[in-house]
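Common to both upcoming complexes is subunit A, partnered first by subunit B, then by subunit C.
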Partner chain A sequence: MLGEWKTEWMKVRRRKIALVPAAFLLFTFLWLSWAVRSSHMESEEDSWMWLLMCLGLVNTILIPAMSAMLASRLCDAELKGNTLKLLCTMEEKGRLFDMKLLTGASYMGVYVAAELVMMAAFGRMHNFAGGITLRQLVCFLLQSGLVSMGVLLLQMLLSLFSANQILPLAVGLAGSFLGLFSWFIRLPFWRAVVWAYYNLLGYIGQNWDESSRIVSYYEVPLDRWALITLLAALPAGYILGRQLFIHRTPGCG
Partner chain B sequence: MEYIVETRGLTKQYGDKEVVKDVDLKVPKSCVYGFMGPNGAGKSTTLKMLLGLIHISAGQVTIGGERVNRKNRIAILKGTGSLIESPSYYGHLTGRENLEIVQTLKRVPEKEIDQVLKLVRMEEQQNKKVREYSLGMKQRLGLAEALLGSPSLLILDEPTNGLDPAGIQEIRELIRELPRRMGMTVLVSSHLLGEMDQMADYVGIINHGQLIFQDKLEALHEHSRDNLRLCVMNQTAALHILKREGIPCVLKESALELPRLENDAAAQLIGRLCEGGAGVYRAEEKLKSLEEIFLSLTGRRGSL
Partner chain C sequence: MLTVCMKTEQKKLKHSHLWLVFAGIPLLPTVLGGGNYLNNLEMLKSGWYSLWTQHSLFYASFFYGPLIAIYCSYIWRVEHLNYNWNSLMTMPTSERDIFLAKLLMSLRCTVALQLWVGVLFILSGKIVGLPGLPPGEILFWLLRGSLGGMVTAALQLVLSMMIRSFAVPVAMALLGSVAGFLMSSKGMGMLWPYALMMEGMNANKSTDVLSNPVGFGAAICGFLILFTSIGVCYLKYKDVHA
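What follows is the complex of A and B.
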């Protein structure tokens, strides 16, 4: 298994894939730096909640697009070079799928971890009072980590099965918009849309006082049904995707 | 005889259409087995089924005496190398880096990379990115990937595709030498019959998904029953006589081609043609070319 894992990293040599999440992280930082100037918070204690909420919204917009680019960069080399028919004579198809997914998940995991580091640095730079609580940390990981893994799984499947990578990239961009709409428009079918889970798993609420133009933030309970649905959908999506890859391996038919 | 590859009732069905039907392939050890057939006959599908790249609708595959199933497929295929349809490569990596990936997956020593690079004469291009390679070089790289690990069975699907004449000759010679030099069995598909004539010890011919011939190459040549070729001064008279005698003939390149006749019958016929004023000035035996045998096999399956 180590050999297979090693080859996944050998394959991405010189593809500069790490630049994709690095660029998105930089963009997120710049966005937050711009947003913090125009924010009107009621108290200094709200700073962290503002940051967490803001980051949740920025992730809704940026992570689907980033996942699409990441998945495309990881998968298109296999399709362009017709490598799957060679790899599948040396490696179990299911394991190949797992390794590919694990590589993508590694990038995503590092990205979410880097966001946490960036958040801490951002708070320090702007002298935010206090810090984030354990609950907030867990909720952030569920919102940004778990949902992003679901989005990445979808994008990896699309990229693996699309000879033309325009389609998965278009889906990724559409996902960004759908996710963003879910923050502002209440619709019953959002639970069936993976990108809407950034909002459905939101854990910070806000009150906006129109007269003073001051916003106050508060914690809201996590939507347990949304969490349960996502926790059930993720392994189901993984198993279905894996089976699909095993039985309909692209380029082998 | 010991077979390295044996299939029984191998069938592939897409919906209602059977693209490979009941194929019983028998590939003897340490030989070059030419798998021939016209385009779309089912060659690649059969080879992909051997490698487990596509699901088998019915039948079974045995490689090296072991029946291949989902559990042991990869373990059995460790002893094989393959190049199916087009070469597989990562264009952004160098030839050597591509081979390193295969070497890691096959778990073979790194020094073998140098050996296969030498074998396919690619030492000088090994550090060039593969996207800069010509099709011929990509094909050589594909062959080098297949040769890594010194497999006992090499499955090659149209390996000379895209190569220039010198490259084709080189690859043919290499394939020809592999059984002798390394004890490998090479199962190679092609639709180029002349190529098989130069490489193969055994041949299998597939047409419309069915294996219609399988034996030694010499046995295939035995199918080339000679024709009798007559050059006459008066074709009208000759045709009239042949029709009267009930002997079928075709006019080819201003000569008459007749089926092979026994010596007595041939002597009698020539006598009658001369008496009838046909003016026979040349009588010769004509051997069928491999192309003609192939066409007769694939075109008239019922006669086999």
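What follows is the complex of A and C.
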């Protein structure tokens, strides 16, 4: 298993895949830096909640597209060289799927961790009062980490099954779109859409006073049903995807 | 020779199912923009113009650019596969014609995409119950947006030619579009190629804010010439890596 894990990392050597998440992270930072100037918060204590809420929204737009790029780049080696058939004669199909997913998940995990570091640096740069509570930290990890893993799993499957990468990228873009709209329009339909879980697992609410244009933030309880649904859907999606890959590996007859 | 090159490019696009993406993705802002309009009827009082603000906001700011980028990435994809760069560069055609053929194909795509968005806009207006047809001004904004889209297409063609990955130029277009949205809101849209399409489309505005059409035209021409020259020069002077 360690050999296969190493093989995956050998495939991505010198492909500068980390540049994709790094560019998205830098962009997120610049976006937040721009947004903080035009924010009108009621009190200084609201600043961290503002940051967490903003980051949730930015992630809804950027992470689905980033996951599509990441999955596409990780699967490029097999797709461009048409080497899946050859690989499957040497490596167990299920293991190959696991390693690919694990590689993608590693990038995503590092990305979410880097976002946390960025948040801390951002808060310090702008002299935010107080800090993030443990509840907020856990909720952030659930919202950004768990949902992103679900999105990545879907994109990985699409990329592995599409010789032509238009479909996964289009789905990634559509996902960004749907996720973004889930923040503005309340529909029961969103529970069936993985990208909308960035909003469904939201843990901060806001009140906007139209006359003073001041926003106040407050904590809202986590949607337990959304969390349970996601926690059930993730392993189910993984098992289903793995079986699909084993029995219908593209190019393996 | 340019016509022959364009026909060849057209052949490369056969069976690509690109049209599905271009037909499908604009449906999302149509449905959701219409829904948002119906949800906020008490605030949105300007009929077709109000619907336009809902329809164009997210489409122009986030998705028009990446859609063009997908097209541009696709038309360079064949060259990046196998040893096709060698074949392409040994063809008896000039580098200028190769690049211009791809550029003209992408321009056709940007206009077609805007026309489709226009059809969807009219349909959504009818569905939400707006009377008559949209003002000609809005249709003019749509076509003006495609001029901005041309600049994006030229830039994306250069990026997709230089970067061998299909996905990375699309990511750059998404980030560029979001940056364009931010620059446009600061009044610096003319300086950023990805912002020109939203300036042209008058995205999320119910009155025409493009006060300087000469500046807009100059920005379009300047960027278009710049990116086309870079593309042709790159093909002429940079050795290929097959």
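Assume the second predicted complex is superposed on the first by the 253 of 253 C-alpha atoms of A that agree within 3 Å, B and C clash if a C-alpha of one lies under 4 Å from a C-alpha of the other, contacts with A are read in each partner's own complex, and residues count from 1 in each chain.
The rule is short, and it goes like this: a contact is a pair of C-beta atoms (placed from the backbone, for glycine too) under 8 Å apart; a residue touches a chain by one contact, two chains touch by 3 or more.
Here the structure is a predicted model, which means the values were calculated and not measured.
Overlay on subunit A: subunit B and subunit C fit together in the combined arrangement.
Once chain A of one complex is fitted onto chain A of the other, the partner contacts of A:80 extend to both subunit B and subunit C.
Working from the superposition on chain A, the subunit A vertex angle toward subunit B and subunit C, CA centres, sits at 80° in steps of 10. In the superposition on chain A, A:90 contacts subunit B only, with no contact to subunit C.
In the superposition on chain A, contact of A:68 is made with subunit C only, not with subunit B. Contacts of A:34 after superposition: subunit C is touched, whereas subunit B is not reached. In the superposition on chain A, contact of A:180 is made with subunit C only, not with subunit B.
Contacts of A:142 after superposition: neither subunit B nor subunit C is touched.
Our summary of the superposed model lists a minimum C-alpha distance of 5 Å between subunit B and subunit C. Contacts of subunit A with subunit B, set against its contacts with subunit C after fitting on chain A, overlap at residues 80.
Subunit A meets subunit C in the complex at residues 20, 23-24, 27, 30-31, 34, 61-62, 65-66, 68-69, 72-73, 76, 80, 164-167, 169-170, 173-174, 176-178, 180-181, 184-185.
Within the complex formed with subunit A, the subunit B residues making contact are 48, 51-55, 74, 77-78, 80, 82, 84-93, 97, 100-102, 104-107, 130, 145. Listed in rising order, the residues of subunit A touching subunit B in the complex are 3-4, 6-7, 10-11, 13-15, 77, 80-92, 247, 249, 252-253.
Partner subunit A is touched in their complex by these residues of subunit C: 16-18, 20-21, 24-25, 28-29, 32, 35-36, 39, 58, 62-63, 66-67, 70, 74, 81, 165-168, 170-172, 174-175, 178-179, 182.
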